[in-house]
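Order of writing sets the chain letters: A, B, C and D. Residues in each chain are counted from 1.
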Amino acid sequence: MDSHAAAAQRKTYFLVFGALLVLTLTTTGVAFINLGPLNTPVALAIAMIKAALVMIYFMHLRHSTFLTRVFAGAGLIWLLHFIIFTMSDYLTR
Amino acid sequence: MAEIHGTAALAHQFDDPEQQVEASTLGMWTFLATEILFFGGMFVAYIVYRMSYPQAFAAASHHLDIILGTINTGVLIGSSLTMVLAVYSAQMGRRRGQILFLAATLVLGLIFLSIKGVEYQHKFHEHLVPGAGFQFIDADPRHAAIFFSLYFAMTGMHAFHMVIGAGLIIWMARRAWRGEFSPAYYTPVEMLGLYWHFVDVVWIFLFPLLYLIGRH
Amino acid sequence: MFEDLPLFPVRASTFAGQVDTLYFFLVAMATFFVVLIFGTVIFFTAKYRRRSATERPPPIHLDMRLEILWTIIPLILVMISFGWGASLFVHMSQAPEDALELRAVGRQWMWKLQHPSGAREINQMHVPVGKPVKVILASEDVVHSFYVPAFRIKMDVVPGRYTATWFEATREGEFHLFCAEYCGTQHSGMIGRVVAMKPVDYQRWLTSQASEEPIAVSGERLFQQLRCESCHQTTSNEKGPTLTGLFGRRVKLESGESVLADEAYIRESILNPHNQIVAGYRPIMPTYQGQISEDALHQIIVYLRTLGRAPEEKNPS
Amino acid sequence: MSVVAERTVASQARPPRRHYLNVNYGVRSWLLTVDHKRIALLYLVSITLFFFLGGAAAVLFRLELLTPRADLFEAETYNKLFTLHGLVMIFFFLIPSIPAVLGNFLVPLMIGARDLAFPKLNLLSWYVFIIGGLFTLTAAIMGGVDTGWTFYTPYSSTYSNSYVALTVTGAFITGFSSILTGLNFIVTIHKMRAPGMTWLRLPLFIWSHYATSLIMVLGTPVLAISLVLVALERLFQLGIFDPRLGGDPVLFQHLFWFYSHPAVYIMILPAMGVVSEIVPCFSRKRIFGYTFIAFSSIAIAVLGFFVWGHHLFVSSQSVYAGLVFSFLSMLVAIPSAIKVFNWTATLYKGSIVYRTPLFYALGFIGLFTIGGLTGIFVATLPIDVHVHDTYFIVAHFHYIMVGGAIMGYLGGLHFWWPKITGRLYPEGWARFSALIIFVGFNLTFFPQFILGYLGMPRRYAAYPDEFQVLNVMSSAGASILGIGYLIPLIYFFWSMRYGPYAGANPWDARGLEWTTASPPPTDNFEYKPQVSQSAYAYDEEQKVG
């Protein structure tokens, strides 16, 4: 890696860190505003954005092979499936 | 995972360093997929009970310290930054930077655990630890107890992962000290980074789910 | 000779014949495939045994038609079993409105039953033939399962909630009642008998069970003993809503949702009153968790139901 | 090296002077080995011990069931015995059986690698397995556990007075050995294949192990956390499942079966892989419908995660969920049927030679067919309402796990025994014991289908008198089966010393593992394998290098 690209990468890390802090404060702040039923979805959406930032930039999924991304997604998709199918029982009781 | 000797750290079962890096990366991500499902069991329980007893969960969540929670989130994100910088330093071949950033990560991790410990202690004093001594004056104490059961199970399991991570950081810093890594070979640091960021991601979800219910 | 070696269970409910017909269909299908596979395998192994050490049979290439054929045929067959099974299952999970309601409680390691007339039984269940019977199940400890093989019914008895099953007996006799879900040391001792009898005999048996008051009356007495009436009166007041005419209605909650006031709701409201507060009321009701037995809960719920029902249903026979 | 020349030499030759077994000696050389072949043998020894322990428990409680009363043991002892049997057989025998022994030995050999991707993790997995086993055995010795291997709450978390926490800790720890094995296989199969070994040239044994590994990695952690929660509830009243603490016991069943249903496929898929190797070899034919068998393995692994609710049909699960899970369970029949038909078609116009592994494979096909078809019975909702938790279920899953998985395991063990040890087992004794096992198995478990439809619940220490005749048949079969299993134990030991030398390829089989010496050298191959043909090129000469 040449020094220019390296500097750029370093800068990205700090930008992502800043974004994560801002999002953390946002989610805490938003929690005190009454959005009706939307509070939880908003909090989860922010959490997902933060998680995506960490995974893409800090965990280098941006530079990963297709196979790595598949395995990174597999766990999440499987958890989603687990949740949906369990709730298919609880929500139809 | 591989036998390492300086830059020529190619384990006997691999043909070339590239194969070795790819195998390690894939192995680590597969392990993280396992970890997602491990925490996933508790997330499923959480969702089931929160949908069944929303009031009790909101009432119980109000007993968590949102300020300490937010600070801790920041601390953990900061530790992710220092961790990624440690990997970056390893990649650049900066041994000193690598060790310093690993140390910073360790310190931030320990701060997180200490704050968590303070929170646990408060819960203990407020009789919010499930079991015989549990006291909850608000409505529906039985289901509030489920919230706290899940709170302790989830954050406890998370903290357990951090403790393991801290141990790995110390080990990795020692190896860095001995000059085992170079721009040509720093896979173990990278893998440790993946693990640490994963623990961070788990907390990113735990924070809103546990601390931020019905605050308005 | 089959007295010692029964090979097929008796059929004693309307379900039994229906379930067995489906079972025979599956047995026929299974037999066909088992004979097909075993036959083909044995035939091929005998016919194509190696004749010389050097022979090398030419490869048989993939035949898509064959692959599709043996994908489609099993698919059709399992879809038939699914559809057939699903329709019967849905029928079996909906008890008729006019069913006679028995209340059962499972505990380690016995079955307690109570009839609407108040008659109580332990490890026995007397039922009339030719009349749908619904059994509402509760558990005092662990998971049990209410199983009457002759009726082809089974339902888990789950602590913390009500479950139910129903049947219509078709012949008189005594049948096994088993606990089918492992429940601890004396699990195999948690058995009883079901006695199916002619409706007149059932009535006679009920009247012979002297001195028991109807289940709703016990419930009313409990309602007074537990001082429920100090808040829940015949008209709503600021302490609590009236329970008259509650059962089967939709109730608007403080959270904005509305729920159906069924047995599960009433049960939950007694045990966890603060979880579902009725709109306009304060959460002041104490919980009765741990202070009221499953039997008593059954009785109070039956009593509350009579408050909202036509009077002739007070004494179902 | 010329292929023909190599084979002629190998078939006469004694084993190579240096191979993985004699490269070094001593306890240390085994306990600290990172050679996948030696680790496979460590597993073989350990799971064999567990197998006979679990089998002994089964023989004991089958003896108890000879009479309708609980007279040989008390009900409590009976309950602890069937729990021990289930726990040991599932977690400590069936799940590691083929993957950790044959898979460990063969995956690198079959794909032309020197070892698994992470040899130290592989050794670690064995230690984890042993530690988990020691926990469970300690619990058994201290007084045992009586919850059934399913640990249903709230019985396990609150009511049982036995060593539940210790036992679930054992099962929890062992789970990680399974995860590590699966992880290792996934990475190895993706990254360590020899040049030319494309996905569609892989042996089906590898495909089925890949599918199995996916289940191990994605399912096992859920079991682990469920068991942790049970232990926390038991030790610290952390209420998650106990209704007295506000929890829902059915949630545990969801969490438990999310893993434990796919776990059945962990047991059966590798056995399917074994059969897919044996049948073509002894019919000297390319396997029929290779791609269909390969992808049906993946289909079974994935679909296997969509059907767990069929264990909850009578558990007060919603009717809607019951319908969904019944529908999806039916679909698993399709890939299973595809496999059975393709194996059968492979025999067609083959050049079939009768050897013990083939008998096991054919036994597998037949018994698995019965197990699979009765699976359709129990996926059909009203039938399951009647037979759920009766002996019908017991018979059904033993047809899958014993008739299927153990038949496959024994078939594979015979098939690769010459590769593992360099020596042949005695064919006559092997056939004899295969016959005994087949007869004993059917006598044990077929009567249980009838018992189950009659309505006899499982886990009953005592039962109504009219069930006795069928129970006596079953117990008689169990003792025959037990003897059948002892015979191979004896002759395998015998053959290690006295069996004739096998040579590199005694069965004239294809596949890379047969191109190297028996027993193989530590690095598996003397040369770097180059692959240019399918693993089933029985109509061609074997091409090597």
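Basically, a contact is a pair of C-beta atoms (placed from the backbone, for glycine too) under 8 Å apart; a residue touches a chain by one contact, two chains touch by 3 or more.
Keep in mind that this is a model prediction, so the values were computed, not measured.
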Selected interface, A-D versus A-B, where C-beta contact pairs are more numerous: A-B
Centre-of-Cα separation between subunit B and subunit A, whole angstrom: 15
Distance from subunit D to subunit A - Cα centre to Cα centre, in angstrom: 38
Gap in Å, rounded to a whole number, between the CA centres of subunit D and subunit B: 35
CA centroid of subunit B to CA centroid of subunit C, Å: 45
Per-residue overlap in subunit D, given as positions that touch at least 2 other chains: 190, 218, 222, 246-248, 250-251, 254, 258, 319
Two or more partner chains touched - positions in subunit C: 272
Multi-partner residues of subunit A (each touching 2 or more other chains): 67, 74-75, 78, 82, 86, 90
Pairs of chains in contact (touch as defined earlier), listed by label: A-B, A-D, B-C, B-D, C-D
Residues of subunit D touching subunit B in the complex: 108, 113-121, 179, 183-184, 186-188, 190-192, 217-222, 224-226, 228-229, 232-233, 236-240, 245-248, 251, 254-255, 258, 523
Contacting residues of subunit A [partner subunit D, same complex]: 67, 74-75, 78, 81-82, 85-86, 88-90, 92-93
Touching residues on subunit A, where the partner in the complex is subunit B: 1, 6, 9-10, 13-14, 16-17, 20-21, 24-25, 27-28, 31-35, 39-40, 43-44, 46-47, 50-51, 54-55, 57-60, 64-65, 67-68, 71-72, 74-76, 78-79, 82-83, 86-87, 90-91
Parts of subunit B lying in touch with subunit D, wherever the complex brings them together: 1, 11-14, 19, 22-23, 26-27, 30-31, 33-35, 37-42, 44-45, 48-49, 52-53, 130-132, 142-143, 145-146, 149-150, 152-153, 157
Footprint of subunit A on subunit B - complex, ascending: 22, 25-26, 29-30, 32-37, 40, 43-44, 47-48, 51-52, 66, 69-70, 73-74, 77-78, 80-81, 83-85, 88, 91-92, 190, 193-194, 197-198, 200-201, 204-205, 207-209, 211-216
